[in-house]
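I am attaching a structure below and will ask some questions about it afterwards.
Read from first to last, the chains carry the letters A, B, C and D; within each, the first residue is number 1.
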Amino acid sequence: MEASRPPVKETIEFARIVAFTDGVFAIAITILVLGIDVPEQLPDPDLHDFLVDEWPQLFAYFLSFAVIGRHWVAHHHVFGMLQNFDQRLMALNLVYLSLVVLIPFPTNLLGEYGSEADAVVLYAFVIATSALLSWLMLRYSLAQEHIHPDAVPAARLASQATLQPAIVFYLSIPIAFISPLAAQLSWLLLIAAGLRERRARRT
Amino acid sequence: MEASRPPVKETIEFARIVAFTDGVFAIAITILVLGIDVPEQLPDPDLHDFLVDEWPQLFAYFLSFAVIGRHWVAHHHVFGMLQNFDQRLMALNLVYLSLVVLIPFPTNLLGEYGSEADAVVLYAFVIATSALLSWLMLRYSLAQEHIHPDAVPAARLASQATLQPAIVFYLSIPIAFISPLAAQLSWLLLIAAGLRERRARRT
Amino acid sequence: MEASRPPVKETIEFARIVAFTDGVFAIAITILVLGIDVPEQLPDPDLHDFLVDEWPQLFAYFLSFAVIGRHWVAHHHVFGMLQNFDQRLMALNLVYLSLVVLIPFPTNLLGEYGSEADAVVLYAFVIATSALLSWLMLRYSLAQEHIHPDAVPAARLASQATLQPAIVFYLSIPIAFISPLAAQLSWLLLIAAGLRERRARRT
Amino acid sequence: MEASRPPVKETIEFARIVAFTDGVFAIAITILVLGIDVPEQLPDPDLHDFLVDEWPQLFAYFLSFAVIGRHWVAHHHVFGMLQNFDQRLMALNLVYLSLVVLIPFPTNLLGEYGSEADAVVLYAFVIATSALLSWLMLRYSLAQEHIHPDAVPAARLASQATLQPAIVFYLSIPIAFISPLAAQLSWLLLIAAGLRERRARRT
């Protein structure tokens, strides 16, 4: 059915999917802030203590902002390489988005219970699975030849780059059961490695 | 008044309606996550129990994500077949959206009270009525010849496909009064049937 | 400064303003649902009573959905008639939006305290003032000749149509001090009159 | 890598970045309203007192609406002057957005604790730092010659205009430790000065 439509029509449809996806990313990244608690009617010294104790919530906010931001940049990159799409890719995209949209929930838990294994495990699982789905979308697009031929090498590189955080976050799950803090440090190492690699590619 | 405007103008107006509708879908689907509770200051073992007990909220989240996602895909499909529109269709679209936007409320109730008839009935009623309105928009567009002639057979098929979930969700209401669980299983059968049918159409 | 730019540039800028405005409308209309309470851990009979008592919240939700929806349709109509714009109109648009975005707050109050004068007065004041600003934007655009010459008669009609709800909602404020219910009924009369008028114009 | 792509492709990518950024601004400005408290089940006289006491929350709402609105107008202006962009500018844009999106949190604190130094200091710090990042993006774009040559003088002026609120908000931090009220008045002076300057430029 998709095949019988004129290519221009497909472009409009594709634009709507991209716009919807961008909208979902924009909203998911913005509602992260709603997870930062604002206490009601605390006296002055307690407010000070409260804010000092709140840095894990700010850490969780900025971490998830970076995670969703990276997802968006990657999605952006992948969808820029497509020459074609089908209903199954659209369905995969929705499943992927259902995990991206879920991120504010484990973020919120992490901000509130960052020192407890359950919260860290759930966070790692959701982030790793969203990265895995991103990788799946890319592999599927490569397999179905939806990727523009000129962009195939770049798509292969991007698929490796997407798999890397999936692996790190999944591996951090057993670590979290021993030490929640160590698991969170392993995530920061990933970010540091990412920044270093990007710098290396530039020079 | 609408008729006196040049067709290009109409296209811009139409694009704004589509963009607004897509924005509303994107936001409604994203704020579903706000309905998943994050407890405050629970000790470690209680947090574990809390998360274990929270699976109905995650079930409700993914169910409504699929429902709104399906609504969006269907709307997308229908609006792609329009060659024309009028103020009444725009008004119908707003009434339809008022039900789509409402979905996070019964979703939240369902996640919190999935074993109680009232929550299941309200959920079924809102979903069924939103599907009914989607069907009404399609019938109205067909009756007013707003559908592009080439797309009329596809639009008739789509109208049947929209009516089906409306019927299943309405029929699940009396079931819910007897067994809330059975009503929810009937919804999952609908999803399974939909996936099976789609696979059948492909082969 | 604005004048020295090429007209194409202005079109892109204008498109961004329209897209931002549409986004704000879409979000404001969607977060209305967040104002509907979901109780936590009520036993079954209490949940039933709760939902029965919640109809004022649903009334407030649908009322404000209609109000913001109407605002959006009107804005849409007015911006479709512009041939030009300036920084002051953009500033007016932001002030106007600051009132549209505020609507979920009095809506929430109205749903919770619909029988008390304070909530009804605040609701009426915010809605009336947003309509007044909409009227101001239109008068300003007419005075500055930003309206396309062909659309001037339609713009004059639209400006009257915008003033009408402003007047009704302002007049309902003294009524609300005597009877909050009577004030709310006066708003419904406005909606009924609007629907009747629209039907009259069609025939 | 970016350099090897055709310019049309870049335009589409740029459009997606702008659309995402606009979406984030639209959502951040709209969720400000969620910070205004709606009390539950207060009797009539208490509701009246509550609303009278709530003006600091409305003040915080309108202040932050103006701040985010100004950010959006400025961003809009700067991005309209770009002839080019790179990944680092995109990363800076995300860091900048992470502070804009954070604004509802200190806004909420300010509305609740406007008379306490901690809340005022945090608010000033977030606003000042977001303005500083806006200035950094502009300086970076100028240094990398991403600004269209014709727009360089306007960009220099804009960079000064962005630095000004950063300085005022940072300077208000020591003031807030002495008098939270005086710090807030210094912000209003900034707005008044801004309006006066704009009027001066027009005549």
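The rule we apply is simple: a contact is a pair of C-beta atoms (placed from the backbone, for glycine too) under 8 Å apart; a residue touches a chain by one contact, two chains touch by 3 or more.
Given the structure is predicted, the values throughout are model-derived calculations rather than measurements.
Enquirer: Any chance you could name the chains that touch chain A and chain B both?
Expert: none
Enquirer: Taking all residue numbers at the chain C/chain D interface, are over half used by both copies (same) or under half (different)?
Expert: Answer different: the two copies use largely distinct residue numbers here.
Enquirer: In steps of 5 degrees, what rotation angle do you get fitting chain B onto chain C on the CA atoms?
Expert: 90
Enquirer: Chain C to chain D: how many Å between their CA centres?
Expert: Roughly 25 Å, centre to centre.
Enquirer: How far is the middle of chain B from the middle of chain D, if each middle is the mean of its Cα atoms, in Å?
Expert: Spacing between the chain centres: roughly 35 Å.
Enquirer: Where in chain A do residues touch two or more of the other chains?
Expert: Counting only residues that touch two or more other chains, chain A contributes 19, 23, 27, 31, 34.
Enquirer: Connecting every touching chain pair, does the picture come out as line, ring, star, complete or other?
Expert: If you draw each chain as a dot and join those that touch, you get a single closed ring.
Enquirer: Which pairs of chains touch each other?
Expert: Chain-chain contacts present: A-B, A-D, B-C, C-D.
Enquirer: Under the touch definition given earlier, write down the residues of chain C that touch chain D in their complex.
Expert: Chain C residues touching chain D: 1, 9, 12-13, 16-17, 19-20, 23-24, 27-28, 31, 34-35, 37, 87, 90, 94, 97-98, 101-105, 108-109, 112-113, 116-119, 122.
Enquirer: Under the touch definition given earlier, write down the residues of chain C that touch chain B in their complex.
Expert: It is residues 18-19, 22-23, 25-27, 29-34, 36, 38-42, 44, 47-48, 51, 61-62, 65-66, 69, 72-73, 76, 80, 154, 198 of chain C that touch chain B.
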